[in-house]
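Dropping the structures in below, format is C-alpha cells.
Look for subunit A in each of the two complexes below; its partner is subunit B in the first and subunit C in the second.
Showing the complex of A and B:
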C-alpha cells in the first residue's frame, strides 16, 4: 500500500526551475551522480562526462545531437575478460569495472526510448547481458523534452512524441523562460531531494507545456501509419522494392553506427605472446562480412538482402520477438547517409507496396 | 548553370528517346537541404527530376562497378570523376564502349556538407540561400553566411583540371571555369604547406583526425577505386585487422587504403564528403598523388596510361629505397 502511495506522489511531483538555477541543480546532482551532459566541442555538440570543476553549466543550444548517447551503456569497444600466460598456465582475469551511479542529463525523448529497446534486447532470452546491465542498472535518465524537432525527425510515426517521457526517470520541459521538472519513474523519485526547494508547478505552467508539446508535434512534417507494418513486411520479403531501395545504397555502415537502437556486436580477441583480451565491438548488418559463413556462403550477399535486413529487423522481427518497434524515429540514419537514402521513403514504399499487393 | 542544365537536358533526352543507353546516371534533389541522391534516368519524364549543381557530392562511377559488362549506360561526370573512370578502364574493370560519358565542365567544385556542419557548430540548417559565392544557412535559432571557398571540398579549392578529357558528349558551359582562388596558385599548395610542418605536428594532425573514425567504411564504399571483392580489412582467413577501433587498427586501415590508391586516386574526394565524422585526411592521398606527379608525371591519368603501382621501369626514381652504406 505504501508503495502505491509513493507512486502516486511521483506522478504529481512537478517543480518549476528557473533557468538560472539549472546549474545549481546540476551541481547538486553531481555530488551523488556522475553526469553525462551535452557539451559543446570545437565544432559540434556531444554527450560527455561533466567536468565538475568547470564553472557554470548551461545547456548548449541543440535540437538533438549528431550522435546518440548509446555508447555510454554499450561502448564501441568493451573488454569482456583478459588472460595472461603464467608459465604453462593461463590465468583468466574477470572484467573489473567500477561503475558509479550516473545520470544522462538532457537526453531527448527518442534517445530515452532507444534505451528501452536496448533493455529489451539485452534481457531477452535465457540470459541477461551482464556487461550492459552493470551500467544500465546504475544509470538514470533525465530528459529534456524536444521543443524543436529536426527535419529528419519522425518519432510520432513510430509511437513516440517530442514530449514523451517514456523510458525516462525524470524530464525537464523547457517553457522558454523556465523549466518544469517532473519525476516520472519510481527510481526517479531519488531526484526529489535536489529540487524540493523549488515552487510547485501551477496550472498555467501546465497549460503552457501543453502548448509547447503541440507546437513541437506540429513541427514534425512526416507522418505515416505503421500499425500494420509487421504484416505488410511479412508479404514483401521477395518484393522488388528491395532492389530499388538498395540501388542507391553503397553498403557502408554509417546508418547503423549512428543508430541509437542498433546493437549487433562482434567478439574479437586481441592477443600477443603473453596474453590478451576478449573484446566486444559494434558490428553492422550492412557490411558484406556480417553474415559470411565459414563455408564461404553468404546468405546476405548483396545490398538488396542487407538493406532488407535492416528494415525487417527494426520493423518486423522486433515486433515478432518483443512486440515493440525497433526504431525511435530520431532520423540520424537519414542525415548521415552518404547517398541520402531516407528510411522514411523506404517505409512509404513498403506501405504502398503492401497496399498494392 | 542554366546553360549547362539546358545542354545536359538535351543530351540526356536524346540518349533516352533514341534508346542509345539503358539509363543515364545523374542526380536528383535529396530529402534534406543541400543533399542529393543518385538518379537512374530510364524514361524521359525522369529528366525533370534531374539536377546538376555544387552538391551532387557522390562519384557515380562507383555504381557502374555493380553493372554487368555489355550493358550500355550513360553517366554524367565531372573531370575528376572521368579520370576515376579512366583508371577503372585502364585496370580492365569497365569497358569503355559500355559507357556513354556525358562530360560537364566543373565550375568551382563540390560543397562538403561536413564543412558546413562544422562551421555552424553541428547545428541543423533547414534552408540555405545563394547569393553569388555567399551561402546563407538558416536554422531554428541562427543564420550564418559562409563563403563558398570555406565549404568547398579541399581538392576543389586547388583544382585546375576542370574540363573533361574524355567524353562522348560534352556539355556546353558559358565560360571557362577557374579555381575559386583569386591568385594563380600551385595545385599542390596545401600539400607543400603541410610538408613544411614538423613530423610530430603532422602526426598529431592525422592522429586527431583518425581518432574520430568509426570504421564504418563509408570512405571505402563511396570510392570507385576501392573495388576489391574482398577488402583486406574484411578478410578473416587470415585476419589482418582486429576490427576494434584502436588507433593502431584505424591507422592500418587508412594507411593501407592510401597505399592502394597511390598513383590511382584522382582526388574527387567523394570519400571525405561521405565520411559521417567529417574526417579530413585528404592530404594523405594528395601527397601520394604529388609523389606520382614528381616522380612519374602521373597525376593526371589518361586512357592507356600505365599504372604507377602496376608497372616498372629500369630508370624509376628510387629515392625511397633505404640505401645501405
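Showing the complex of A and C:
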C-alpha cells in the first residue's frame, strides 16, 4: 500500500530542471523562503545565506563542505536568555527569535540524515529543546545527491547512500546536463508550485539517474558490516583496543566540531554590572575538562576513555537509546584530524576484536 | 513572551530569594540556603513534580549555574533547602550571599529516591559527610504526618570525620528523641566532645547489621565510603536490586541535552541520579 503511494508521488513530482534554470528556481524559492546555499568564500566553500542581489547563482564545485550545516539549527554559540539587574531585582528576558521559513539548498544526503539524528536526540525524553526546534520547524531541506563521494566517505556502511533521500523534503539529482527535481516529503510538496512549469521526468532520465547512483556508490571503497556493532561494543568496554586507537589523539576535538551529529554543549555566562546573558556553545567530549568535576575527579581522565566515549556514544548508546546509529559516514572527522586518525580504522578494529573475542 | 512559554522553556530559571543562610560545619565551607520562590506560579510548578532525591540547577546571575541536590522535603511546603559546599565560582559567590538576595533555580530534575517501591519496606539509610543532603529530604519525607506508617523500620547510619562536620544538627537531635527510628551517628576516630559511635560507616553498618528482609538500602556518600559499604551490605544479605545509590557527575543542562553526565548509555541527570546497584552493574562505566 505504502509502496504504491510512493510510486504515484514519484510520477507526480519529478521534474526536469535544465541547468541554466537553476538560478530561476532559486530566485523563485527565495521569494518565499530564506535560502541557505553553498557559497564560495575566499579559501573555502561554506553554507551561507543567499545573497539575493547577486546576479546568478550556480553551485560551486564541491563534494561536501568542510563544515556541516548543523550550525543553522544548532549554532556554535547561542543565547539562551538575557537578564538585567535593577537594584537587587533580576529581570529575565527570554530570547525572542523571529525565524523565517528557510530552505537549506544543496545539502548532501549524509547531512540530511544527520538532521534526523539531531531531531531524534533533541526531542527525546521529557524535555524537548526549544531553541533547536524553533529553527528546525521552520527549515526545509532540498538535497543535492552526491555524484562524486570523497575518499573519506563511508555513508554506505552506516545505512546511507550518496543518492539517499532520507530526511529530505526534496532532492536534486545531477544528470550532468540537467537536474531531476523530486519532492520527497509531505512538507516538500510546498515546492511543487516552483517547478510546475518544467517538463515531467522521462523513463530515460530515471535510468540515467540510476546509473549515476550506481557509479557514485561504486566510488565508495570502504565497506564494513556494522549490523552487530552494538553487541560488539558491549563486550569491548575494557578491551585494550582503546589504548591503541587513541594513541595518536591530541584531544583537540576538531572531529566533534566538524561532525554533523555531535551535539554536546557547554553553558556559559556573559555579564557586566548591569546584566548579562546565558549562552550555550559547542563543546567536545575529547577535551579533559569536559567531565572534570569540581572535586578534581575526572571520570574520563585520558584519551583512552574519551575516544571510547565518542565511539560508544555514536555506535552503542545511540542504538540502545534510540535504535539508530549516531554517525552518517560523512568522513569530515577523517579529513580534519591533525594526526590522521580515521574512524573507519577504529570501527575495523572494533569488529575484528569482537570476532576474536 | 507570555508566562506559560517562560515556564515551558526548561533552560529559563525561576527567581527565588535567599530567606536564610545557615553555616553547617565548623570549617564553615558548608552552608544551607533556604530559598523562597518569588512567584507562586513558579513554586506550584516546581512542587508539582518534586520528590526527595532530586536536584536543581542554582543560578548566580552573572556567574553561572551549579547542579545541587535538594535537601528539603516536598512536605516542607513553603521553601527549599540546599546545602552547598564552597568549591567553585558559583558556590563561592553563593557563600558570600546574604539574606534577601535573588538567585535563579531550574528543576526539579532527576528521578529521585524510589518512594513508591519503598512503601511497606524496612528502610536502611546510610550516609557519609555532607552527601547526606538528599537523604535528609528522604528522612523528613518518611517522618512526615501519615507517611511514617507507610514504611517499616527505619535504620539510619550517618558518619562524619568529626562531630563538627554533621549537617542538620537540629534535625539529628529531634530524630534522636524519636522511638520510631534507629539513628546511629558515628565519627571516624575518638573525640572529647563525642559520646556516640566511633568507627567508619562500613564498620558501623556491619555492627548495626540491618536485616535485608523486606528492606531497601539507600546509600549516599564519598566514593571511598560506597566502595567499602557495598560489600558489607552484600555480606548482610542485601541483593544488588535492594541497594540504591545517588550519583554525581559534571552537569550543565540538567535535562539530558548537553551530553556530559552519561554513565554508559544513561544520563545521570535524567535517568538518575538514583540507580540501583543492579542497574549500575549493567551499565558500561568509566
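The rule is simple: the second predicted complex is superposed on the first by the 345 of 357 C-alpha atoms of A that agree within 3 Å, B and C clash if a C-alpha of one lies under 4 Å from a C-alpha of the other, contacts with A are read in each partner's own complex, and residues count from 1 in each chain.
In this section, a residue touches a chain if its C-beta (ideal position, glycine included) is under 8 Å from a C-beta of that chain, and two chains touch if they have at least 3 such contacts.
Note that this is a predicted model, so its numbers are computed, not measured.
*Asks:* Clash or fit: how do subunit B and subunit C relate after the overlay on subunit A?
*Replies:* fit
*Asks:* Quick one: classify A:266 as touching subunit B (first), subunit C (second), both or neither.
*Replies:* Touch status of A:266: both partners.
*Asks:* Touching A:134 in the superposition: subunit B (first), subunit C (second), both, neither?
*Replies:* Neither partner.
*Asks:* Please indicate which partner A:58 is in contact with in the superposed arrangement: first for subunit B, second for subunit C, both, or neither.
*Replies:* Touch status of A:58: no partner.
*Asks:* If you stack the two complexes on chain A, which partner ends up touching A:237: first (subunit B), second (subunit C), both, or neither?
*Replies:* second
*Asks:* Is A:228 in contact with subunit B, with subunit C, with both, or with neither (first, second, both, neither)?
*Replies:* Once the two structures are laid over each other on A, A:228 reaches no partner at all.
*Asks:* Under the stated touch criterion, which partner chain does A:45 make contact with: subunit B (first), subunit C (second), both, or neither?
*Replies:* Touch status of A:45: first partner only.
*Asks:* Touch check for A:215: first (subunit B), second (subunit C), both, or neither?
*Replies:* A:215 contacts neither subunit B nor subunit C.
*Asks:* Quick one: angle from subunit B through subunit A to subunit C, Cα centres, nearest 10°?
*Replies:* Nearest-10 rounding gives 90 degrees.
*Asks:* After the two structures are laid over each other on chain A, how near do the C-alpha atoms of subunit B and subunit C get, in Å?
*Replies:* Once the two complexes are overlaid, subunit B and subunit C approach no closer than 5 Å between C-alpha atoms.
*Asks:* Taking the two structures together, which residues of subunit A meet both subunit B and subunit C?
*Replies:* 266, 268-269, 292
*Asks:* Flag every residue of subunit B that touches subunit A in the complex, lowest number first.
*Replies:* Its residues touching subunit A are 30-33, 35-38, 40, 57-58, 62, 117-119, 121-124, 126, 140-142, 214, 216-218, 220-222, 234, 236, 242-246, 273-274, 276.
*Asks:* Which of the residues in subunit A come into contact with subunit C in the complex?
*Replies:* The touching residues are 80-81, 83, 85, 88-90, 92, 94, 96, 121-122, 124-127, 129-131, 234, 237, 263-269, 271, 275-276, 278, 280, 283, 285, 290-295, 297, 299-300, 305, 309, 312-313, 316-317, 320-321.
*Asks:* Which of the residues in subunit C end up touching subunit A in this complex?
*Replies:* 1, 5-6, 8-13, 15, 59, 61-65, 87-88, 91, 100-102, 104, 223, 248-250, 252-253, 255-260, 262, 264-265, 270, 284, 286
*Asks:* Which residues of subunit A touch subunit B in their complex?
*Replies:* Residue positions touching the partner: 40-41, 43-45, 61-63, 65-66, 76-77, 148, 150-152, 247-248, 250-254, 256-258, 266, 268-270, 279, 281, 284, 287-289, 292, 334-336, 338-342, 344-345.
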